[in-house]
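Right after this note come the structures.
One chain, chain A, links the two complexes that follow: it is found with chain B in the first and with chain C in the second.
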Partner chain A sequence: MLKELVKEEFTQDIAKGAVLVDFYSSTCSPCKMLAFILKDIEKTLGDQVTIIKVNFEENPDLIEEHKVEGYPTLVMFKDGEELSRKSGLQQKPVIIKMIEEAL
Partner chain B sequence: MTATMVKEKIGYQFQEHLIEKQAKAEYAMLNEFAKGEFTMENPLIKYNPYIVNDLAAVILFRTEEETAITVRVKGKTKEGDFYHTFPRAKEHVLPIVGLYSDYENKIEVYPYQQSDKKVVHTIKTPEVAGAKLVESMDTTPEFMQDNVIFLCPAVNDFAIAVDYAGDVRLNYTVPMVWDIKRNPNGNLLLGSQRLMKMPYFVSGIYEMSPVGKIYKEYRVPHGYHHDQITLPNGDIVALNCDLDNGTVEDKAVVIDKDTGHVKRTITFSNFIKPGSQKSGSWSDEDWFHCNAVWYDEHSNSLTFSGRHINAMVNIDFDTEELNWIISDPEGWPEEYQQYMFKPVGDGDFEWQYEQHANLITPLGDVMCFDNHHFGAQNPDNYLAANDSYSRGVKYRIDTEKMEIEQLWQYGKERGKEFFSPYICNVLYYNEGHYLTHSGGIAFDGEGNASEELGPFAQLDDPNVKLNSITVETINDKKMLELKVNSNYYRANKFTLYAKDGNNLSLGKGQLLGSLGETPQMDYDIPAEDTGEMLPAKHEAHITDEVDMFTFESKFEKGQLVMLLLESDQETRRYFISTSKGKRGAMCTGTFLPDDDRDTRTIVTKEGLHGEYQVKLIIDGMKYDTGITIRA
Partner chain C sequence: MRKYDLVVIGAGPAGMTAAIYGVRANLKVLMLEKLAPGGQMINTNEIENYPGAGKVNGSELALQMFEHAQELGVEFDYKTVTKIESIEDSKRIYTEEDDEVIEALTIIVATGTRPRTLNIPGEEEFKGSAISWCAICDGAKYRDKDVVVIGGGNSAVDEGTYLATIAKSLTIITDLELTADPVSCDYLRSLPNVNVFPYKRVVEFVGKGGEFTGIKFVDKETGENEQVIECDGVFEYIGAIPYTDFLEKTTILGSGGFLEVNERMETTIPGVFGAGDCNSKHLRQVVTATADGAIAAQEASAYIKALRRKEV
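Let's look at the complex of A and B:
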């Protein structure tokens, strides 16, 4: 499942299962490319993983809380714990590997 | 006519490999020599025949008998002379190195032990770019003798070599970068000028002679950076990147000395977990930032300098198991504490931070250039640039007791004047005799040590002053200090004529190994085919080479751009980032563009077969370039 952040639900969303959070900016070209790749991954993995997109500029509190330093940044959570993170545009196999480590 | 109506192909040029250019130039030189009656008195003199060193030449002539020939490149003073005697031959093709810039250089040539028969030839040189960079050289001719200090580029000033008097005696005209080492055969090993991936990963390592002749390019898959070392069997350990994992500067390859092929890959995440330690310049992508590799025959081990983990990491060469880590233990996970050392000694001990250029001395001591950038593991204790210092340091380690003692340092006492937050090296000559090169000094227009690394500081502030200070000490007595007005990655000292080497071998150089296949973007973004040529406003240009091509173009920040290679059989896709990104490490800014809209995308020809049309997708619109790439 791929969805845009609903702030009130974020803590609850990442608390259970494998959740990949994409901190992105709408003005960043690698973020735009990554959006296509994440949609493709959603098609491949279906409900095995939840992908949440967090707009970097609109959510400074979450950026600070999760110590995100730039965009795009992918943070992989499992049951609320951060398992791994990658900065910059990543290829599909790298992202799949991140997710598989959390499944 | 609007820009989108322009139906012209984009710019294109085929750039021959330097080896190819040199082979043609050498062939022409030898052809001219073969057709003429050239004697010692009336030789053929070719200035800069190998294109890359404009303070060099070749003198060619014949003698009736096999004769050894002595050459004296006359210095501006007697102490500035360079001599070399070449082996017996009837045909003499003599490399002349160590010329001065903008000078009528006098070259004496005579049969060995017959100086009364000398003839003097004159080579007038133009003013060369590097000649104005030296601010001062403080040493004695007795100490330097006929050595030069060779400096490798870190910004837009290319390699130079400086003699005892501060005169530049070698000036490379192409940006060959990274570490310089001299092989036992007298040849130099230096990174190539062929950029393979921004910001500074280059195609490989040149084996070349000071006159400029390239004998081999050892191509390194996915780009070479920072450092290499030759193993006892002649193979080379070179640093590259773990692209499969989306990270950089965290891998090394062992390259066969004859074929250039990769015999083995060493992946650093197998012995250090990414994120175990984070220096002030750390990033997810550049988590290790390996800037040096050293092989120690006595312990059969490799030592890697990880700038972004504030550590020198030693592993067994065969098993790749961790032996030890030299690093401030604060903040390291428990599992690594067993590999850490406990400081002992008289209290002068300090750990190194964001260090460079580790080496192991013949006695087993460990040296490095301690940049001391940030100066702490804990961010709360980071030092500001104005309060910082850098130093050369030597540690003695006891791997049984896991104790470490600081034996020597040079540089702390000089404070920010000697502070380099990046690059630099140390060299060991003998016990007590060391070279310390602080090559990354930057001050802003107001005299403050720059918080930015030199290449960035230079781009952002026209008043910034870059310096490089190289010091040699013997038993703490300063024997040499060279100050140059630029940043230089590393320094080394040697004679331009190799005493035991060939100095110049004829014949075409070899292109060895492989560049690896450029990773494609594995997603096809939707686009509308405009049927039009790429608008001229993008100022696109392709530089084609034998084994790769470079696509350069301007885009606005945030545009979604993809380069396509279309053939009858397949379409290949390469993402072009239009984001302005700044790295925490920029160990050579030589390839940085002035305009941040400039993009540079390099695609190797490995995996390509036949002809490909080059096309571009910009924000969902597809354009042609009119260019065909052949592989």
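Let's look at the complex of A and C:
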């Protein structure tokens, strides 16, 4: 599943299973390309991973809480624990590997 | 072994155009890309000089080109090419990701460039934290902070203009004047939070206790008049080096590692062509990259036709 952040649900959402969080900005060009790649990944892995998109500008509290410095930043959670993180645009197979390590 | 008429290395505007022209010439085409389709366009927020596109975001233009290529039947794979070989009329392509060897009749190298670095004290220590090469990626953390851009060419002026909308102050340090197009330079100079230091040479990234504090520079000509500017982050735009390391053992590279090609985009290896920013050329833009890609693919098609005539 791929969805935009619903703030009240975030803590509950990342608490269980494999969750990939994409901290993005609507004005950032590499973020747009990453969004395209994530949509593509959702087609094949969407039933195993939840992808949550968090807007950088609108969520300063989450940015600070998760110490996100730039965008795009991908953070992979498994049962609420951060497993891995990558900043900057990533190759599709690298993102798939991040997800598979959390399954 | 997978076999193609044409393997295009790199999916920037040059590679994607080459792939489109390749399939339209009835070639079986594979395009290989190590990161994502789009190349340098992905790092460009607004492209304003690609005819017909008006003001367009780089990734949006990249996706339009990519979808166009896919609709026409270009095969695409995420792979980083590490070596090519030319054995008689056939080419072999090796990649970092696995042991597969891909065979092709022709190759178009369209691998673009990466940013040049200064190689001065402090650069290694602060790269990735206080020193960046991508304003669009890292600019956000400098809201209301003091930022320096090193360089005065097209990229420095474009990215500087973007950073000036975020940062409290933007200082540009360049070893010449601003050399981008005059309209963009005048606009940047006119911004109230921008200060330009021309004819300077940056000599050190300064830190204290592991924390970045600023940059030291001198007069370019005399090496004197040392100054330090305190700032929170630096963006370097001092030119580009080609992604051609994997061709080092071939004979097709010229000065600076750029590919030497003729007006047909032919290298000295028959069947291997170069296109876009990785070529030795004067103007590195999306429009010149796409033009190179079109020419290279047409020539690849002509080369294959000649090969097939030779076979009968």
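Criterion: the second predicted complex is superposed on the first by the 103 of 103 C-alpha atoms of A that agree within 3 Å, B and C clash if a C-alpha of one lies under 4 Å from a C-alpha of the other, contacts with A are read in each partner's own complex, and residues count from 1 in each chain.
Methods note: a residue touches a chain if its C-beta (ideal position, glycine included) is under 8 Å from a C-beta of that chain, and two chains touch if they have at least 3 such contacts.
Since the structure is predicted, the reported quantities are computational estimates derived from the model, not experimental observations.
Of the two partner chains, chain B is the only one that A:40 touches; chain C does not reach it. Touch criterion not met for A:66: it reaches neither chain B nor chain C. Looking at the shared chain after the overlay, A:78 reaches neither chain B nor chain C.
Residue contacts after overlaying the shared chain place A:56 against chain C, while chain B stays out of touching range. Look at A:27: by the touch rule set out above, it reaches both chain B and chain C. In the superposition on chain A, A:89 contacts both chain B and chain C.
In the superposition on chain A, the residues of chain A contacted by chain B and by chain C overlap at 27-30, 32-33, 36-37, 69-70, 87-93.
The part of chain C that touches chain A in the complex is made up of residues 34-38, 41-45, 57-60, 62-63, 78, 97, 134, 136-138, 140-141. The touching residues of chain B, counted against chain A in their complex, run 244-246, 283-285, 519, 521-523, 525, 557-562, 575-579, 581.
Looking at the complex, you find that chain A touches chain C at residues 25, 27-30, 32-34, 36-37, 56, 69-72, 87-93. Put simply, chain A touches chain B in their complex at residues 27-30, 32-33, 36-37, 40, 69-70, 73, 85-94.
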